[in-house]
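In the part that follows, the structures are each spelled out as structure tokens.
In the two assemblies presented below, chain A is common to both, partnered first by chain B and then by chain C.
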Partner chain A sequence: MKDWRYWLAEQRGTLLAFGIFIVMFFIYTANHPAGFTANVVQTASNKGVLLAFVAMAQTLVVVTAGIDLSVGMIFTLTNCLASWLVIGTGIETAFGVVAVLGTGLLCGAINGAIVIYGRLQPIVATIATGAVYFGLALLLRPFPGGSVNEDLADALTGRLFGAVPASLVVLLAVVLVVWVPFSRSVLGRAAYAAGSSETAAYMSGVPIRRGKFAAYALAGLLAAIGGLFLTFFTYTGDAAYASGNAYTLFSIAAVVLGGVSLFGGKGSAIGAIFGALAFRTIGDLLFVFDFDPLWQPLFQGVILLIAVSLGAFALFRVRNRLEWFL
Partner chain B sequence: MDGAVPLFRMEGISKRYGGVRALEKAELLVTSGSIHAILGENGAGKSTLIKVMAGVVAPDEGRMTLDGSEVTFASPAAANKAGIVCIFQELSLVPELSVADNIVISDPPTRFGMIDRKAQRRIAEEALARAGASDIHPLALVKDLPLSRRQMVEIAKALARKPRILILDEATSALAGADVAKIFSVLKRLRREGLALLYISHRMNEIAELADQCTVFRNGRNVASYTAGSKSDNEVVELMIGREYSHIFPPKPARAASAAPPVLEARKLSWVDRLDNVSLTVGAGEVVGLGGLDGQGQRELLLAFFGVLRGLSGQILIDGRPVAIASPAAARDDRIGMALIPEDRKTEGLMLPMTVRENLSFAALDRLSKAGVIDRAAEQRLIDDMVGLLAIRTAGLDIPVGALSGGNQQKVVIAKWLMRQPRIILLNDPTRGIDVGTKQELYQLMRKLADAGAAILFYSTDYDELIGCCDRVLVLYDGAVKRELVGVELTERALISSALNIHGENAGPTQGADA
Partner chain C sequence: MNGIANRMPKFIRRADPAVVTAFACIVLLLFLGSLYSRSFLSPEYLLQQLKVASFLGVIATGMMLVILLGQIDLSVPWSVAVGAMMASAVAAFGPVGVALAIPFGILCGVLIGTVNGIGVAYLRIPSMIITLATNAVAQGLMVVYTGGFSPQDSATPAMRYLATGFTIPGVPNAVVIWALIGAATVFVLTRTSFGRSVYGIGNRERAAYLSGVDTRRVVMIAFAVSGGLSAFGGVLLAGYASKAAQSMGDAYLLPSIAAVVLGGTSILGGRGSYLGTVAGVILITLLQSILSVLQMPEAGRQIIYGVVIVAMLLLYGRAPASR
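== the complex of A and B ==
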């Protein structure tokens, strides 16, 4: 086989998510009253990147065969923090941004430390830390409020050269600065190896712990970038429990749609980004076809079920029935 | 090689797992430029020995010296750094990563902090070529490769680490003839290049072809070291056995083994590459043993009978009538009446957090209930019977089964199935890891059940047990029945030599003459 066919096989999940998104987005813009305009794309992009950041965060953890149920709460906490700190002069704002991102990184690092060194199950550990992070968010913002540096907010949620959504450019930059180096580093490979077969990785002398720790910590950072962007869109901080939880659950849905295996070791954040964008587009599609928004959860559920079923076909090939339960 | 300076030396190495002694003051000398074979039966301590060498387990006592200076390895990575690389029996490849990723996994080449994919590709291609496996594409995912190709990747991965000592643990067990020949020429070349090779294999002909030096292990000790070719196969087998009978077995009934009508019969069972035209019969009142080395298809054979495998070819007959057993539920159904005592009681036999009572009645709930409601009184009677019959020692029926000792847990597994009064009982190495007293009780029970008319198929890795308990033993090798041992033929020597397939060509029963 030629090299490109191996590449294709490896990227199948990502390409599939990309395809689903393109088709859905095409249908959406074709039926939008305004059509494919810079405005429509900008609005869609701004809605989509929030989930895209959180889904990227989830990908990093899922790749290690873990799960992070606190991403939505880190997202909420950093939103509340940003509504206090990302304000004032240029220097003050810059420090605020660094502080918000540092907080996300710290939250992720705490998750990682508990899961890896405390040997707790990721699902339990992150439910608990998620509750703590939300508690902190509530202390920061008992009621919605606060403000943000509006010049920065408008710049990052507006358009570049009148056509390209700035939020999309930031998303691309984050992919290039965070995801690409991580996935190609030794630590990134350790995270994948640990997710695929932890014993094999251990036997091969792979730095499993450091790899997993890096994955959890960076997940916190990515969720914080999402929280920052939420502040830029809304100009306020809001410790909204339902919204935090929804982001956590949607991030898992986006990851699955994006071809990332919940069993770990397989998938890419790029796929998860397209999964997130596709998941967001479901709501937009209902809008242009004049469905009641009440239908949205139902449709999102159906789409998710279909996506997950695609992955289950492998079970038909199993010849030893005991392998069904592995 | 005589007089060569030893590269690596192990002295007085001991290791215990709980109460089990895996290694007892073991010694080993390894010299450069030679192939050293390690022999021993299942559980003789070979695997533990190499795990100690490779830094996977830490020894309880003893010392290791490399180039004359003492070393300790805290992890496999530390052993690798010192130049000791092991190819394990259980493969150590990461399935979702590519061949090239796997080959460089311990120490990937980096550039500006990121993995240098070009360099990685080059290293992988070189290593694959050195392992004689240039046909494997570096970008292929390991999980998509067949087992034999994975083994070649495993060897390439080891070579990419530039080892001084290379350990091969049953490296050829998954390989076909052509691949074995390829590996042999690779190994011989490595020997010429000055590597020290440790070779663990059960295939005597391979050892005869490759080894310069041999060491035999038994019960965790090295019992003999000799220059390859200086002992006959029979002498080697003698060294490997050398074990006293320590168990008391119930007397076997004196009768012709084939007198009983077959209750369970298999005709030419084949499954993927694990079972190869297996035919056998088990009569009522008969205990038939399955022997051979670990992993020669015994487990798969039992699973095949129990309806777990899909895509099975051949026929299974119960009472002389062909049946299709589609699931364990069908197998335990009264018309067939089969029970399987699984190998891994913790995952396949018991629900550890649940109570003794619940675990006992699980398999028989359908018999104990009317219209979906459990008859508590009947359940209690049956449970009392079983606890008495098997002498299960428990503080109560309502404590979690996980709190019992290993032997008593195993009794619960067996009792659970006996509650259905099965006619056919399949046992998968049921005495592994349980104490001698409980073992004896189980032997008595097996004979009692057989005398009551049950047909018993019994797989064990313990040769004493097979000899002491079974009326007949079928020895499996590579998924096929290589030999049937009956009555006086049933000796430890015969079991081991047929398990190693020493008399491979002339001693087997006629197999697959017609299809």
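== the complex of A and C ==
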């Protein structure tokens, strides 16, 4: 086999997600009353980028064969925190951004410490920490409110050179600064190896604990970037339980659509980003076809159900029935 | 040390340390409560707590079955809501509807559970993923259903009677129902081959399969039962509040998992007793009650919940360190 074939096999999930996204986005813009204009693209990218950040966060943890059911709550918590801190003069705003990102990193690190060093199951541990983060968010913002540095918010949610959505540029920058170095580092490899086969990774002397811990912590950071962006879009902080839960749920859908294996060790954040964008576009398709918005939750739920059921096709490759039971 | 242990009565030596810890925490909470207010030890208050606990108890029973398999059911919030809303809605269709309200509500929950079960057992989808997805679908269905026209949402007299009435003087019906469901669960788990297979699958599904157990059927039935019990919990809650609401199940996911896990059932499956779940349910209910008596805001309750669960799990819910 040639090199490019290996590359193709490795990137199949990502390319598939990219393809789905392109097709869906084409249908979306073709039927949109305004058509393919800079405004439509900007609005779509602003909505998509929020989920893309949370989906990237989920990817990091899912790759280690774990799951983080608190990403949506970290997202909500950092949104509420940002509505207090990211305001004022340039220096104050910068300090606020650093504080918000630091909080996200800390939340992720707490999850990681509990799961890895406390040896608890990720599902239960992150549901419980999610409750704590939501409680903190509610303490910060019992009622929706607050404000944000609007110059910064408008700059990051506007357009560069009148055509390119700034939020997409930020997303690209985050991929280059966080994801690419991580996935190529020893720690990133360790996270993948731990997800693929923890025993084999342990026997090979891979630093699995540090790798997994880094994955959980960075997931918190990425969710915080998402929370920051939510504040930039809405100008307020809102501790909404339903919205936090929905983002957790959609992040899992995006990750699955993006070709990341829920059993760990396979997939990339790039795929999850396209999965997130595709998921958002599919959800918005209802609007351009003039459906009642009431149908949107059901429609998104059904997409999620179909997306997770697609994994069942792997059963056809099973030769020995004992492989059913992992 | 060993001598002391041998001299203790047999039932204490055999008791699960987690269950003992949970009961000790209940006594501690009651003691702390009685320092705050004398009424904490009055029979009326305790009976009221037991009544509130029985709703969580019914839901946690289903959750326990699923957790014993080493799986999890995250579709509890909307199974509860679907059970309550559908039972109330059917009651609008004349006397037949009123008569069928409760069975129909439970049936809807069983349907959700069956979808979960098929996904987990036959399609081998991780349980937390498929149950999240069915939860989302159930939510979507209910939003469409209530949005199109406004259905009847008040509970039928039978539902109110089950939740708040008294058949035996002094004992609320809800407590009787929980006791019956609990007794049935204990019987099924300890005295039937289905129950033993549940424990077997929780320990190692491969081994259970090779021993001739139809593991996929057992898993599917357990999920269906869990969905049905969640919906029944919803029916009772609707009877208690005398109406069904969309978000009524949200407050039951974390407590039901917490009650099962705090009662010493291993989240990895295969280990746990119903007595522990009873202790966990009462513990959670008392904790909620004391926090609300102290007028703790919602934010503080969420934080305390999360911290208590993580702390208890770190005490006795850890995975083995050996490789």
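Operating definition for what follows: the second predicted complex is superposed on the first by the 322 of 326 C-alpha atoms of A that agree within 3 Å, B and C clash if a C-alpha of one lies under 4 Å from a C-alpha of the other, contacts with A are read in each partner's own complex, and residues count from 1 in each chain.
Heads up, the rule we're going with is that a residue touches a chain if its C-beta (ideal position, glycine included) is under 8 Å from a C-beta of that chain, and two chains touch if they have at least 3 such contacts.
Note that the coordinates shown come from a computational prediction; the quantities given were computed from them, not determined experimentally.
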Simultaneous placement of chain C and chain B on chain A, clash or fit: clash
Partner chain in contact with A:I123 - chain B first, chain C second, else both or neither: second
Contacts of A:V186 with chain B and chain C, given as first, second, both or neither: first
Contacts of A:L138 with chain B and chain C, given as first, second, both or neither: second
Partner chain in contact with A:F26 - chain B first, chain C second, else both or neither: neither
Partner chain in contact with A:V302 - chain B first, chain C second, else both or neither: second
Partner chain(s) touched by A:S197 [first = chain B, second = chain C, both, neither]: first
Chain touching more of chain A, residue-wise (chain B, chain C): C
Which of chain B and chain C A:I67 touches, first, second, both or neither: second
Contacts of A:A9 with chain B and chain C, given as first, second, both or neither: first
Chain B versus chain C as contact partner of A:K266, first or second or both or neither: first
Listed stretches 60-68, 78-86 or 204-212 of chain C, narrowed to the one that overlaps chain B: 204-212
Touching both chain B and chain C, residues of chain A: 199, 202, 321-322
Interfacial residue positions of chain A with respect to chain C in the complex: 67, 69, 114, 118-121, 123-125, 127-139, 142, 199, 202, 241-242, 249, 252-253, 256, 262-263, 292, 294-302, 304-305, 308-309, 311-312, 314-315, 321-322, 324-325
For the chain A and chain B complex, residues of the former touching the latter: 1, 3, 6-7, 9-10, 181, 184-186, 189, 192-193, 195-197, 199-206, 261, 265-266, 318-322
Touch list for chain B against partner chain A, complex: 56, 75-77, 80, 88, 90-98, 101-102, 105-108, 110, 113-115, 117, 137, 139-141, 157, 271-272, 300, 303, 308-311, 327, 348
Residues of chain C that touch chain A when the two form their complex: 72, 119, 123-126, 128-130, 132-141, 143-144, 147-148, 205-206, 209-210, 215, 247, 250, 253-254, 257-258, 261, 267-268, 297-307, 309-310, 313-314, 317-321, 323
